[in-house]
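Structures incoming, each one as structure tokens.
Next, two complexes with subunit A in common: one pairs it with subunit B, the other with subunit C.
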Partner chain A sequence: MENLTFYHGFVVPFVVGTSVLFAVIFYKYVRWFTRLPRRDRQKVRRGIFSFATVRAVWECFTECLLHRRIWRVNPLLGYMHTSFALGWFLLIVVGWLETTAYLGGRFVPLQGHIFFKFFTTGLEHGPRWGIDFEAVMDLLLLYVLSGLALALFKRIRSRALGMRRTTRLTFGDRVALGSLWFIFPMRLLAESITSGLFGSGGFLTGSLGGLLAPVATQGLELAAWWGYSIALGVFFVAMPFSRYMHIFTEVPLIFLRRWGLRSEVREKSFDHFQIEACSRCGLCLDPCQMQRDAGLEQVQSVYFVRDRRYNRLTRRVADTCMMCGRCEERCPVGLELNTLRLNSRHALRNTPANDRYAYARNRDTSSGGGRTGYFAGCMTLLSPRILKAMESIFAAVGEEVWWADRSGGVCCGRPLKLSGEVDAAREMMKINAEMFSKQEITTLVTSCPICLKVFREDYVLPGIEVVHHSEYIERLLGEGRIGLTPGTERFTYHDPCELGRGCGIYKPPREIVRRVGTLVEPAETGREAMCCGSSIAGNGLDKNAVGKMGVAVGRAFEQTGAGSVVTACPLCKKAIARNTSLPVADIAEIVERHLVPAK
Partner chain B sequence: MQAALSLAADGLKPVIVERSGAVGGKLRDWHRLFPTMTPAQEVLEEMAGRLEHAGVEVMLHTEVEGIGSKGVTLAEGKTLDAAAVIVASGFDIFDARLKEEYGYHVYDNVYTTVDIERMLNKGHVALHDGSAPRRIAFVHCVGSRDEKVNQRHCSKVCCITGVKQAMEMRELFPEAEIYNFYMDIRMFGPGYEELYQQAQQESGINFIRGRVSEASPTIDGRIQIKAEDTLVGRPMKMTVDMLVLIVGMKAAGGNERLAASCKGVTLAPSGFVAPKDMFAGSVETGAPGVFTAGAATAPKTIGESIAEGAMAAEKVVEYLKKAK
Partner chain C sequence: MNAVNFGYMISVARGIDLDRNDLTSARELGDEMPEFRACIACGGCTATCTAGNLTSFNFRMVQTLVRRGEYAGAYREMNKCMLCGKCRLVCPRGINTRGVVMLIKRKLGDY
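So, the complex of A and B:
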């Protein structure tokens, strides 16, 4: 046992590759960590000894190894990812145990673990610690190989794995992918030949070795081990420059996220962890309506993240997105795709506000007074039926209302923010926030989800609760302040992006609809609801694309068999109305039609 | 109608399939025609008279399902055997309710140009409460050249319609202030430009270049409009008694059914039927034996539609000769 050496010329590619890999990763992580802004570093310090760390460890296990989120979207794809991640991980862990079981506590260099079979042909075979390691290792290898077979099949026919589209590869990806494909078949071949020559091996390598024994020579054996080592070395060198960087980066990302770090409207170092944790799996492609309905390519989140990572992001790519959030819902890594896109827009476009909006200051045209305020927002003002309906509802409950903008007001700031003009948006927000805080209001109702989102996200309004009108109406119903006459009409409901995925409001509008008729859901609904196509974030979209997406949305509602479409956003209402023959109404209009004031 | 007349004159046996209860289409709703102020009734009567005289068969209250290889499929599942078909199904009027910001069917006293024609025909133009308007505003390009409502095309005849109706309002209400809000004024036809000049110089109609952004009600039941006077470069507000929306021409809803049923017939992105080409084949479609006349292919004036009717008839004759 003493005369075991763990060196041979063929290990050089592996050792070099591993060294490069760890050097590059070390360089990257140290750089990103040290550049974290002070408040992020504080969060890390506070979080590191908290329960969050334990949960992060668990999440690393369920996501980085088991890939639970991918399983949920697509079991076959889940199996493929798990077989690679968990299979390879276990090969390393069990391989280490095997080394220890055979050799005890003595030091074994890294390549000794990896090429264990080659260096230990002189050892007596058979189980150690009561475990048949050779069989276990063969089983794990087979598990990984089954995933590889699926991966190869996916490259040829992605549809078979439930994906209509897969991502196109960069050069680094191709090198890494090519070498990755060789790693495990080469390992199988090398271990089998060695097994054939020395009469060892488990059920897989042993029997394949038996078959190869008649032709196996030492030269052939060495060639196979060289091949295996080269494949590993090339993969490790290419890895940090390819999409496989996600394998490692997802781990620190999970910890940082658990400690409370988030991306913001301005780019910061934490973004690197998100961007390089993208595996470019392409699950974000299929839900994208720009791809599905308008045929726009190379702009989806996976491509945006890729372009940003390699410093070749253009404004066209950054701007061509509705930020509907459908891809974010699907992302198995949980990347903040909308926020990343937003801060890229900010980096590419923001111009100082200076005095651009000085004219908007001191232009308070609000009227009325009371504890409840109402902010229509520009789109509601352009959809006067909604405004009229809200007036009727307020009148029915005798609510005293402070009308913030009925005779015109200042924009909530969200359109500017979404276009990347964050400084200018802040100007608008300041003007409105000052106006709100001068009032006695404790509740601010808005019928525009776009305004709602920015009020909740960016405004600091102490003592004022901001609610969407659907929430307000639901409360009135709950308190018995209004009643609704039931009806027999069949409605379908459209979840506005900013209200559903944006603010998490799904239930109140549906409750209201069910009070006045039957609700039939479209095929894609709730968290997966379609975007109307008119998103104010889509300022890089041409009108043809918007038109095509609109047609698809109109068709989706017509297929429900409902008599009319209800939504809860003035912008969505307009967008849907021009693309369907069905009547389209806001939730407030439906309420107004069925309104019975409580006695 | 003209196509049928020309075909009959060539000794063929045309049949007019009409969805409504009378031939003449939208012309039946119009009051007087630009630029000559000829009563629409006069044109209609002349055409209908000639049709009757020629003994052309007219099937009223008959809906067309589509065009198949054997002829025209009718709604009741019957097939009308035809050697050639001329599609003269015209256009739809843009639904002004889609431009909710203008308040059509939300506030009183917001009308469309179609409403005005009908009121003129009834001989009674007045506000909702029966009184006379003191200030009237016309809004051009409602449902035309507007990507927000998927109508990118110019409807062509609205500019001159706005000028014509403004002048008619002047006749009815000599004391009223009358405004036209426009993006461009496109006076393409003979006598149109002259009428536009006349409207400004003699009828005292004010033309303001700028699109109206929204309308809202005032406390006294009038309508306040917001617009931008782009020649002065300032946003402006104006309170009016009557708001008239000059609605555009929308591709007929039946065009899609036609394209789906008839191989070779394609639609332009605007939804209008695509002609074989824009020049010598402008009344032909991609389907042999299927021709068009009038606003099925694009917004057109009455005169242009009649001319196309004659041209389509000639093409039919040519086609039938070749087919023999």
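So, the complex of A and C:
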């Protein structure tokens, strides 16, 4: 026992690989950490000794190891990811315990743990601490191998694992993936041959070793261990340059996120943690309507993040996205895909603001007055029926309204922001915010979810509560200020992206619809609702793409069997109406039709 | 030109000599975004324009001039656009008008 050396020529590839891996990761993390803006570093300092850290540890366990979010997408896919992550992690931990159980507290170099079976053939076999380590390690190896079998099967039939499309891999990914596939079978082979030669091993390596014993030679044994070490070495060298960088990067990302760090409209160092935490699993591909309905390839979030990571992002890729957020909803790593896309657009094409909206300053065309303000938004002004409906509702409750833009106003600034022209957008926001603050309003109602989102996200409006008209109407109903006559019509409801995923408003419009008729949901709804295709963020989409996506949306509503479509966004309304024979109405129009003023 | 004041003026000729204009940029714009060529100059975009409601910005005019090779001032004019997207919704040819604005600014910008 004293003369264990833990050295053999075949460990070199493994040791070199591991050294490269940790050197690169250390370099990257130190660089990103030191470049974090001061505000972010303050958040880290404040968060590190808070409860957020405990929650981060728990999230690391449930996400990095168990991959809970992937299980929700598809159990088989979840099993595959868990078997690799948890299986490999346990192999390392239990392997370390095994070494300690056999050798006590003495120092064992890293390769001694990894190639334990090879170096300790002279030891007496059998359980230690009452645990049959060989059997446990075999069980874990079998667990990982079962995941590997699924991964191979996924290459042939990804649909069986719940994925219609999988990611196209880069060269580095292929190298890493190839070596990863070899690691565990090589380990099985190497450990089995050694077991065959020395009569050791658990139920798996032992019995396979027994089968191999007649042909096993020392030369074959060494060749297998060399193979295992080379596979590990190649994988570790390729890892920080491939998608497998996510294995480590997801951990700091989870901690930083728990401490309150977020990506912003301008690129910053924290983005690196998000971008390199992307595993290119490709779960974002299937929900993408650009892929599914318009046939656009290589622009989805996974490819966008890949291109940005390797500094080859093109304007076309950055611009071809509706920022509907369906992929973000699905992302198992929880990446802020919309914000990343947004700050890339900012970096790629922000033009100087140049005081270009000077003409819009001091051009207040608002009318009326009162505690409640109403901001129609450009798109509502283009849909006069919604405006008329809102007028009727306000009249019915006798609300005195300050009309911010009934006779034309200034855009809210969100379209500019979504196009990456952040500085110019800020100018626009200033113009509107100044106009609002001159009024005595305490509530600002808007019919446009795009405006709503930017008012809530970017405007500083002290003393003014901004609400969507669906929330406002629900409030009126709750206070008994208006009533609705029930009907028998069957409605289906479309969740606008900016209202649902954007502002988290799902319930109020549905409550209103249920009061006036029956609500039937489309196949994809709520957090997974489709985008109408006309998103204001879709700068790079031509009319063919928008058209194809629109047709698919129209079809989805017709399949519900509803008599008409209700939505809560003037832009969605126009886009859907164009692609279906069903009547399409805004929630305000439905309310107007069934309106009963309270006595 | 105003040497003698007759009390009235003759408007400056507005004819565009296509042979004299350099159409390279206009062609490049069209190649990059073929929809750009589909415009029938109906003016729907200008009629609904949020910016046009407040100032003299005229999308139809600017993009028509650009297609004819008259680039002077196009960038400055296009910068008045708020990118609100109403024009894209009303366009009978379904042209990605916001994309056109951004493309013209990028190609003809002087920043």
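The rule we apply is simple: the second predicted complex is superposed on the first by the 599 of 599 C-alpha atoms of A that agree within 3 Å, B and C clash if a C-alpha of one lies under 4 Å from a C-alpha of the other, contacts with A are read in each partner's own complex, and residues count from 1 in each chain.
Keep in mind that, in the parts below, contacts are C-beta pairs under 8 Å (C-beta built on N, C-alpha and C of every residue); 3 or more make two chains touch, one makes a residue touch a chain.
As the structure is a computational prediction, the values presented were derived from the model and not from experiment.
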item	value
Joint occupancy of subunit A by subunit B and subunit C, clash or fit	clash
Subunit B versus subunit C as contact partner of A:369, first or second or both or neither	neither
Subunit B versus subunit C as contact partner of A:574, first or second or both or neither	both
First (subunit B), second (subunit C), both or neither touched by A:334	neither
First (subunit B), second (subunit C), both or neither touched by A:550	first
First (subunit B), second (subunit C), both or neither touched by A:563	neither
Subunit C versus subunit B, contacts on subunit A by residue	C
Touching partner for A:384 - first (subunit B), second (subunit C), both, neither	first
Contacts of A:421 with subunit B and subunit C, given as first, second, both or neither	second
Segment of subunit C that clashes with subunit B, given the candidates 8-16, 26-34, 44-52 or 62-70	44-52
Overlap of the subunit B and subunit C footprints on subunit A, listed as residue numbers	381-382, 408, 543, 547, 574
Residues on subunit C engaged by subunit A in the complex (per definition of touch)	33, 35, 48, 50-51, 53-55, 79-80, 82-86, 88-90, 93-96, 98-99, 102, 105-106, 109, 111
Complex interface listing, subunit A residues touching subunit B	381-385, 388, 407-408, 543-544, 547, 550, 574, 577-579, 581
Touching residues on subunit B, where the partner in the complex is subunit A	98, 100-101, 103, 106-107, 147-150, 152, 213-216, 226, 253, 269
Residues on subunit A engaged by subunit C in the complex (per definition of touch)	349, 351-352, 354, 356-357, 359-360, 363, 378-379, 381-382, 408-411, 413, 415-416, 419, 421, 428, 534, 536, 539-543, 546-547, 571, 574
